[in-house]
Each structure stands twice: as structure tokens, then as C-alpha cells.
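Lettered A, B, C, D and E in written order, each chain numbered from 1.
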């Protein structure tokens, strides 16, 4: 980020009025739109005291939901990283017919409602879907089990890594990689020694966003999860379930853990950015 | 030139300089095929199964139309708000230094990171008649919860980062000399923004707004909590698809889903085209 | 755990099965010497039925509507003659749509016709997705038929007026409850009597009052083994024992405590104070059975759509 | 009507970038700011333009305190290093910009603006490019557009920051001459920044040599060329051969060198340094001399030679090819210096006034570079 | 051990960027590819490097078909225009890169790599920079690191793409000389791309002038300098004054010009064009002459003059300052040409062989530039 250069001491005192006004409006809006809803979650979660809060969090079903959500993120994020990098390399470094189209397909999940993503998977893997009978014969359970949740999560998070890394790779051009090539490096060596160090912050940011989304996905997962208590309920689903159990404090307590994860993720991201700007 | 008729194989395009084409192509295509294309194909096939006439009937049924109208309208409202708010944020975050700027910057990503259901829950509680905001707004005659306003609020919350994050880097990268040039030519700050800065960020702005719009069209988790889901009034299209599903009406669900997807794709295509045109026009200096 | 079953159930049965399951597990341990883990899934009962058809691996279903199990039977998941598999047409308990109003009943809501008044806000879920709400619809309709000597036109008008007083349609019974109790919306909540009792108890400090209308529809709560799944998992035996257990005095007592009406006359007598007299009609009597009711009222373009959409 | 700067000082954090600049530029004058990278040229130009302000000092135009005025109020025309054209506007819109943003009262009518632009376009000989976008122009064309844009508002002072930096030699040379014409016919006061001495000398009426935030020397091009005032200026202007000499009665002496062509200097006896241009050194075949030619390279019209002696002293010289006949690698030579500048070795470079060459020496001798 | 290209052709979409390049570079030779922007220099270099492939033609090194080999297999060293250093590696890691990525079997030990790097660092005189990152280096230092990185793998061919493009004049000149030394002592075959003729002439053993995808001329620097083979080369090498002349019995004639110093040419009688360098034109005071001095500008050592006649013909000339004495603006002058190249006007430029100057003319005369 460019730090604004201040003019020298003799500069006439410019009125900072406009700037002040804009900053104030921005801060107020952000507080109203983002900060207060965020704060409200914690306020509600703690409204009946820390003991109730802890009890809600430590409920086995909630704990299981936390574990399941973590597991889903642990599976999807690495896959996202590998595939995202592969797609970015392909699109940034080669020209081939259909390149633009491929990029569009990769970004397709951005424009598909998560709930509809779930429907798509239902139509594909459901017992009455395209592949359903086949899967039923082979006794493979995809929907209403971990594989289904992982698959839809992969769907909704598919574009993140590519989207972060690709513009950077395109902007940087391939000259360094060509230099490495003339020096005799193999493909993997080039990637590991030259490309990766250049894009590592963008990659991390992409991974952070993908994991945030993986952890927080509700619509798509709710279609394919079957919401079996303590089994296929991810944390967002568990929150809805608690809400419908009329355990509102419990719902907000679970929500606050998710919010904490979100805040931690953003904190990591901000740190990363700080470092990459410094580097 | 020596007319030496050595026929050389045409090699140029048959060789790729950097390695990894086959590997990444294979990996990417199979992944995209399995994770993205195959399920979407299933939806399209289902849609094709319905037949054009039935499809038309479903989509033009009053309730569907109402839901689509509401969704598009609310998404438009949300996008309008986000466009303005996003531009303001991008501007403030790049142009001014003030205490807490980094924090404000970090806040921009919260809506992405926060699960939509949690957001919906929290917004509903805040805006309901006895919530923090509702207490102020209801007496003033503004009802947010269970109205189109609520739908728009939820949609705009979940798509806040799109405009900010697409405009911000462009704004950061803008050559300050161009603005200085305008300043030295006597332009006022407002004129500079209108005639020099905005045209430069316009393509990115457009893309950000379109993605925000597409995302709003599809937003579900946050909206269902705050919308009230009144058929013909506050029922969004993706909820209607969900309801159709729960009514065992697969055709209805697929038709609505397909329609939503097509609207989003048309919009994205349109914005890509516009952006391309703008870049050809002004483009790289 | 030696055995495990998944009970897929309707939305508002959360607290009920939270109490029944451990009791059954203890009994099963005693009788068979085996431990059992019982998983629960709750949602709108139609949604649940669809999920099972798509592959949700339920062993037993405990629903609030015959049609939802019929759908499973059509899909080959449940035996055709499932109603004969357990006593009392496979319905271990029953309930009826009833009202819950705010402290002191400020709007003076006593019966169905009070719901059509201007300025009364009525809360119940979406009949398209919730069995619960379908009963509500049918009960109001039956009331109007009776009131007007069987005039369908007037009955439809009556129901349409009630629908016009509904500010929000949630997808399940429980969400409607939350809307009424948590978000403070509406003057009256219509849901199963079992739910009104439970909520009145849980929100004791709000002093909600239960109101039983003069006439209501008998809501059966049918149960069935999802044979297709149970066979595959080898859980038929424990599934049958689980559903059988619901008929035992022990379980019936739990049900009574959750404000469900009981078929076992002795136990019912224990809870008589909780259950005011009410004229109960059945779907078979008034609507010619579920198949006809579905065709006439609930399918696309049926009467429900007319009163629903034309508001 | 002159632009007067006095004691202008500017700090960026810890670093003092301008350390007291005093300079007056007269109306109609064309002044070059010449100096190495980082010497503060751009900073000074930006202060004049009103894009930055000094920490101390004053800047006045015709008695009017410019430090109290914004860039927009000063009515200057600025041409940026990379032109900073508005990428989304056509050439004519770029040029018209300054006029279209005038307050409504002062703004000329549409037709009049179009006419002004048209006039400028033909003046700049780019009439046929009016509807192009900057990305569709060559570097030289962009340069003209940038100039046209700056001139449209009829600036009182025209400022140019390394206007020809990015262009190749041929184009650069053309534009340079063309700029001189433009300046002469428009009659503005012009200041331009460059680090290319040739450019400064060819274009400017007066050259200001900057170094490390101070002005090292100001003067007419040939004055500076012939009499660099400090070792820094000498080196910067190509007197790159530095020879330790001994002064004796005003004459410099060094073994193997014939320095008799240099005039007497008013320097104390003792060690001093002689600064020479390679082109002012002529190797002469001399079997007894300590130097030996070790390299001869051709660069078109010139030939570069290196002479070394046994103690490792390497002297370069540059001669026209035709003057090299008879010289070959390995040949022993003595070196005769045709012109040069001597600075006393005790003087700290860049700070002290030079012991400038006196003006008694016949011009021809001092400049005889062959 | 030579690099042989024949009939190399490359198209980008519709545009033919290389249109049949034939060139052989011998072992140990230092060849410059010289040409204007867009002439295909970089494209050719990239094909040699294995970063691009031609549409037709052949490329062989020492009989080995290089078109069948990948860039990594060719063992060339390439120095990119903007160096393309690895920004996240220190200088020594950059230089060591090529060695560390060798297959395990061939890879030298750690100590040995360190030693090689150390040797290169001192050879390149940047030993003290070993632990810096590229962003902490000046342009000239980066250049050296890029070269060191390319040389570490002991390449058989060293390729450089405008290696000095981004540097300023002083640094550029130093590096140029230093590169020549490096080339000589390492003994590699080197090809470098430039659009700066001075650079090409000073550095190269042989200069290849390219234009529009074809080779216009190949030859030793002075050969090309003295005898440009086509009008394009003539113009490109600074023979920018074009004079319509009439040939008569092998002699060129033009009113107001003294062309007697030019040798006879084997050209048919009739109209022709004489190409002159401004430095080869000397105005001589002559009251009867049709030309008049209209401008005199000083650029350091040189003085530029413009002479015009009544019909608007403008002739530029450049003289050393000391030769200008007595010349003043407004003075009538005749112009005498000292050297030049004549092309028959019917010949289509760039395609035909020139009617080159014959070699009978005394050298001194042809080159007398003063």
C-alpha cells in the first residue's frame, strides 16, 4: 500500500474536511453493517453467562460439528491449493483454444447459488439422480455423508485459489521461469524454486478465503447433509439446528466459535499482508 | 534468401516452452469436469427433461415470477448499495491514512469469512422489532425484517467484499502522476475523480458489482432468516427452488435453478464483454 | 455400540425423542444385552421423506403424516402394507392443531373464526413443506365446512382470510414456533397441541396460554421401518423393537408428558387434565382420505394454491 | 516576470533531499536542471509545480508567493516523465482537458476549445492522431500530446521532467530540437529536468547542475562545459581521467605526460589533481615513454585506446579514427594533454570553489581536441 | 563448433516477424544483433535460446539439431533484458541456481558450488554483494548478477537481450567494456541484441543489422560503418542527410555543394541519392553560395549548424567547436561533403545491393571528418 506522501512543512493548511467526512461515513457504515452484527453474536452468546456459554460449546453434538467442519476444511483446502495452482499455471503460462472458457468454468461456482449447487449434486448423486442407481448398487454412500459434504464444499470453494493466484502470475509474466529454464531447471524445480516463492502470499490468501468459505458454507451443505445430529451436521447446520431447538443462546455460542475462526483467519490474513508488503 | 527447399516441420506451436502443460491440463480438466461441470450438467439435463413448454409454465407461474422479481430487485438494491459503499471503502482505505485503517481493512473480509447462516441470524435479531436497529427503525416506519429491505440487507452483507476487493488494487496501482497532471491542469478534486480516476477503475468496478450481483442472486443462508419467506412477497427464488424440492417437485426446482444460473451467467458475460470493450478503448497507457 | 439406528423424524419432535431414545436404549440393553446408538434427524417431514428417497440412510421414520410414508412406500423404501405392521394403523399417538396465544389472550382468540378477523396476526408454517401446517389448513377448512353446511366456496374464503393474516411462512413447525416465541411476532401460533403444551412450559415466564378450538383434525403420527435400509444394515430387529417400544406404557407416559394424546386409555387417563375436550374429525371422514385430500388440496393447482396465491 | 526560489529545503523523513536551493529563472528563459539520479531534480520541479511543498524557503513568481497557491492556481504546464496521459481519453480530449475543467465562467465555448485543440494539434504536427488513444501512440507522439496538453492552458511556466528519457536516440534528437522551437515560438518560461548532459547543453539557455540537493554550478552550456567549477561537475561532464600531478610554479607535471599545452594556474605548489576528457588526451609514439598501448577499440567514428604503464596506471583516450594511423597495440607512447581542469588536492571536492582555469590561455589551444 | 541458422522464419498470427534468417556464428565470436525496435531481434534470440520455435528453418549447434532440444538441454546462458533475477534469492543463490538444479548425479557438491559462485563473484567484482537481494542492487550490479547466473553453468553460447538498455550512459559504457573482457577471458560464443549502434560497434566482432525480419547487412563494425550496404543501414547508422544528386561520369553533383572529395562511383548517369553524416558536412564561408547559416547550437564539444537555401532545403552539419571559428548565423556558406554513400534512385531501398564506394579512395580523405 502506498503511504500517502505528506507535502513539506510550508504547504498551506488544506482543509481535511472532505477526507474527514468520507472517513467518518466509511467508519460509521462499517461499524453498522459489519462490526455490530459481529459484536451482537458474542453479546448473545454470553448473554447468559460464561458457564452457559461453555456448556453449549462443550455439548458433544456441537463438538462433533466443530470436528466435522474442521475435517471438511482439512480435506478441501489442500485439494483446492493443488488444483488452484495447477489451473493458474495452465491458464497463465500457456495459450490454447478454450482458455477463456476454462477460466469461466472454474469461476462458474461464484455465480451459482450454493443451494443450487446442492441441487446439482442431488440430481447427480441422489438415489433418483443420474448416478444414483449405480452408486446404490455399489453400496456407495455419497450424499448425506462426508463425501457429499466434501464434494459440495469443493464446488463452492473451487475458484478461490485460482482467482487469487492467477492475476499475480499473469502480471509477473514468465520471464523468471524462462530464465530458470535456460539454466536447466525441470518443471517442478521451476515451480518450487521460482514460481512458488513469488506467489506464496497470494496463495496463502486464496487458501485462507477458501477455508473460510469451506468452514462457513451453509446452503449447499444443508441440501446434501441430511442433518443427522452428531453425524453429518457441520457447524453452520448445527447452529441452525440449535436455533430450531429453541436453544438460541446455544446457537449464538456455536456461531461465536465460527466467528472466532473467521476473525482468526482474517487476523492471519492481515498479518500475512503486512509481511508481504514489508517484503 | 536462399530458396533452399528444405521442408521443415512446423514446430512453433507444437512445442510449449515451459513444462507442465499436459499435467496441469489433465489435472485441471478432470477436476473441473468432476467437481463443477458434471453436477451442472446434471442440472441442465434435468432442465432439458422438462421440455420447453413445461419449463415456461413453471417459470412464468405467478409465484415463480414474483420470486424471481423479488430476487433480482433485492439483488439490484444490494448491489447498488454495495457499489457505493464498496467504492467509498476502497477509496478511504487506499487514499487516507488514519488510525485504525488496517482494522477497517480487515473488516472488509469478515462477510466472506462469516457463515451466511450466522450473518442471517444476527441481522435478523438486530433488525427485528425489538432488536438494536429495529427499535430505532420501526418507530420511524421502516420495517426491515420480513420485507424486501431485509432481503436486500442480507444480500448486501454477504457480498460486501466483492466491490471493495476488486476496486482497491486498481486504485492502489493508479499512477499518481495522472492525477497530478490533472491537478496541474486546474481540475478540482471532484473533477479529477469523475474524469480521471473513475474511468480508470470503471472496468474493475463493473466486474466487482456484477459478481456481487451474481452472488446476491444466489444468496440463501443469510436471506432465509430475515426474509419471512412470504410467497408472492418475500420469497426468494433459491428458497422457492428449495421448497419445490421439498415438495418432491424436481422439475420445478430444476427450472428455477436453471433460470437463476442463466441470469447470473448472462450478467457475467455481459460484464466481461463490457469490460473488454472498455479496455480496448482506453486500455493500457 | 452393538447396534445403531437412524430415526428420521418431523421437526418438532426434538425434545420428545431426546427423552425416548435413552429410555429405549436402556430397555434394549436389558432385553437383548446389546447396546444401541440412536441417531436423530429432524426437519419438515416432507423434506425428510425426500431425503430418504435420495439416500438418507434412515432405519425408521416417525412422521406426522401418512402421505409422507406413503411416498416412501411408493419409492420402495417401506413395505406397501406398513400400516399393518404396528398396532393402531402404525400410529402410536396422536395430536391436533391447537392455538397458543400471548399472555391474557389480548385479542380474545377462542376459535377458528377469530383468526379471520382483521388485525389478528396468525403464525403457522408453510403447508407446502410442513405436515404440521397441512393439518392446520385442513382443520380450518373442516371448521368452515361445518359452519357453512358444507359449502366449499365459503370454506375456501374462510381459509383464504386466515392465510391473509399470516405475516410469515416458515418451512417447519419449529421455525414457526421460534418466530412466535423468540421473535415476538404474531398474536397466535397454530401448531400441534403437543408443541403448544411444550412451549407454554418452556417459556413459563411469558405466560403463553393454550387455547383449544371447538373443532380440530385428528393428526396421526405414523411410524414405519425403512425396510430397504434396515435390511441392508441388518438393523430390522432393533428397528422393530424401537417402534414397538413407543406403544409401551413407559413410552406412552413420556409421550403424555410431551402433550401428545394417547391411544392407551389407562395412561391417557393419567394426563386427562392436560387435554381439554374437543370435537375431532379425521381426514378420512371429511376429506375422503389422504390420497383424495392431496389431489384436491395440496397438489400443484389445488385448492391450497388458490387460497395461498390469491391473497 | 521571473520565477525566484530562495533557500528551498525539503526533507523526506531523515534524508535532506534539497538543501537550500537559490535560483532565479527569467521570463522566456529555457533552463535545464542537470544532475545524477537522486540529486533532487524531480523534487525541485514538483515544488515549482505545486505538487509538493518545501520545508523551508520561498518561491515567488513575479512577486506573487506561489507557496500559498495550489497547483491549479499557478497556471503552470507540466509534462511528466512518463507523460501521464489520461489513458481513457483520445488525444484531443487529453489536450482539451485543462480547458474543459475551467470554472464555468472562464471556460471557453465548445467550438473555441475545439479550435484551440485543432491549432495545437497542427502546431505539434499530430493532427491525424486526434482520435487515437494514448496506448495507440509511439513514445514520441505521446510526448507531443503531453506537451500539447500542458500548453493548452497557456501556462506561464512550462515544466518538463526528463521528457525524452524513454525515447531512442534518433527520436530524442528530433524532439529536442522541436522543443526548442516550441519554446522559442510560444515564449514561455521553461524548466526541464534531465540527467543527460548532451540534452542539457543542446537545449538550454542556462544549465543548473545539481548534486545531492545543492546547486553545484549554474551557467551557460559552454561556460560549464569548459570550466566545470567543482570536481563533481568535472567528472559528471566527462572529465573522467583523473591524474595526480605536481604543481610547480603554476604548471602541472606528471611522468610520461606532456602537459605543456595546459595554461598556467594560480595554484600553490604541491600535489593536485588534473581532470581530463579522454578526447583531450593524445598518445604520441615515443619509444622512450613509460606508457604502452594495450587496447584499441573502434566505435564508429572514434577509436578508443588504453595506455598503461608498468605501475598499473591505465589512461584512456579517444581519437577520431583518422588520427590513429601508425598507432598499434603494444607500441610505447607518451601522452599529451590538450585541455583539462586542475583542482588542488587539499580542497574537499564539491564544496570549495575550484581553482578555475584562467582565461588568458588562447581559446584554440584549450579546445584543440585532436 | 559453430551456431548455424538457416532460413529461420517466424510468424505471429498474420505478421511475419522473421523472414528467412541465415546466419552462422563461430566459436568465440561476439556478435551484435542491431536493428530498430520491432525488427525481430528478440524473437531470433529467443529461438536460439529455445524459448520459442520457428515456423520454418533450421538451427544447429556443432551439427546438433537444436530445434529438437529444449531450452534446458541446450546449455545456453541467457541474460534477459530486465535481468529476470529471482527476487527472493540472494545474489549468490541466484548465481548458484543453475548448478543446484542439475540432476543429482551431475550436481557438484555444496562446497564446490560455493566455490564456483565465489570465483564468479570475484570475477564479476561483486564479491561484497553476495548476500544482498536483487532489490538492493543498482542496475549495473543486477546486470552483473544476471551475467554471473548465466555463466555459472558454463554455457556454450551466451545470449544477451539489450543488456544495457535500462542503464545510464556512464554505467553503460563501463559495463560494455567489462563485458568485452568477460567474453574474451571466458571464451564463450556470445550474441547480444541492441538497438544502439555505438554499443554494437564498440563491443562486437561482427555486427548483424536487422530490419523488418531480414538481415540487411553483416560485417565487421568499421566495414558497416564505412560502407552501409542499403539506404536503410545508411540512415540507421546516422547518414541522415539525404541529398538528391545527379550522377555524371561517376561523379555526384549538387548545386551549392562541393562533392569533389567523394570518390568516383560505378553508377549510371542520372538522379541518385547521396547519404551523408552531419559530421561529414563542412560549411565553408562563401559569399556567392546559395546556402545561409540559420542556426548554431552547442552540445558540449560539438556545434550543430543548420544551413538553408532559398528553396527551403535544410542541411544539418556537426563540427567540433574549434572548427567553427568565423562561422556565424546568417553567413552565406557552401557545403563540402567529406564522405558519403550514394544509392541509385531507381533502386528500391533495402532490397538491392548498394553501389558501394570503391576502395581506391585514399582512406584519409574518406574519413576526414573535420
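The rule is simple: contacts are C-beta pairs under 8 Å (C-beta built on N, C-alpha and C of every residue); 3 or more make two chains touch, one makes a residue touch a chain.
Per UniProt, the chains are A = Sulfate ABC transporter permease subunit CysW; B = Sulfate transport system permease protein CysT; D, E = Sulfate ABC transporter ATP-binding protein.
Just so it is clear, the structure is predicted and the values come from calculations on it, not from any experiment.
K.L.:
Between chain A and chain E, which partner chains are common?
P.N.:
B, D
K.L.:
Tell me which has more C-beta contacts between its two chains, B-C or B-E.
P.N.:
Counting C-beta pairs in contact for B-C and B-E gives the edge to B-C.
K.L.:
With centres defined by CA atoms only, which chain is the most remote from chain E?
P.N.:
Looking at centroid distances, C is the chain farthest away.
K.L.:
State, to the nearest whole Å, the distance from the C-alpha centre of chain A to the C-alpha centre of chain B.
P.N.:
15
K.L.:
Would you mind pulling out the distance in Å between where the CA atoms of chain C average out and where those of chain D do?
P.N.:
It comes to 93 Å between the two C-alpha centres.
K.L.:
Please compute the C-alpha centroid of chain B, do the same for chain D, then give the distance between them in whole Å.
P.N.:
Spacing between the chain centres: roughly 54 Å.
K.L.:
Hey, how far is the Cα centre of chain A from the one of chain C, in Å?
P.N.:
Those two chain centres are 39 Å apart.
K.L.:
Which chain C residues reach two or more other chains?
P.N.:
none
K.L.:
Could you say which residues in chain A touch two or more other chains, in rising order?
P.N.:
122, 128-129, 178, 181, 186, 243
K.L.:
What are the residues of chain E that contact at least two other chains?
P.N.:
50-51, 71
K.L.:
Let me make sure I understand the interfaces: which chain pairs count as touching?
P.N.:
The complete list of chain pairs in contact reads A-B, A-C, A-D, A-E, B-C, B-D, B-E, D-E.
K.L.:
Quick check on the complex: what are the chain D residues that touch chain B?
P.N.:
Checking each residue of chain D against chain B gives 49-51, 70-78, 80-82, 84-89, 97-98, 101-102, 133-135, 149-150, 153.
K.L.:
For chain A, which residues count as touching chain E in their complex?
P.N.:
Those in contact with chain E are residues 175-176, 178-186, 189, 193-194, 197-198.
K.L.:
In their complex, what parts of chain D are in touch with chain A?
P.N.:
10-12, 47, 52-57, 67-68, 70
K.L.:
Write out the stretch or stretches of chain E touching chain D in their complex.
P.N.:
Chain E reaches chain D through residues 37, 168-169, 177, 180, 195-198, 201-202, 221-222, 225, 237-238, 277, 279, 297-301, 304, 320-322, 325, 363-364, 367-370.
K.L.:
Could you pull out which chain A residues touch chain B in their complex?
P.N.:
1-4, 18-19, 22-23, 25-27, 29-30, 32-38, 40-41, 44, 82-83, 86-87, 89-90, 93-94, 96, 102, 104-117, 119-124, 128-130, 151, 154-155, 158, 174, 177-178, 181, 186-187, 190-191, 209, 212-213, 215-219, 222-223, 235-236, 239-240, 243, 251-252, 255, 258-259, 261-263, 265-267, 269-270, 274
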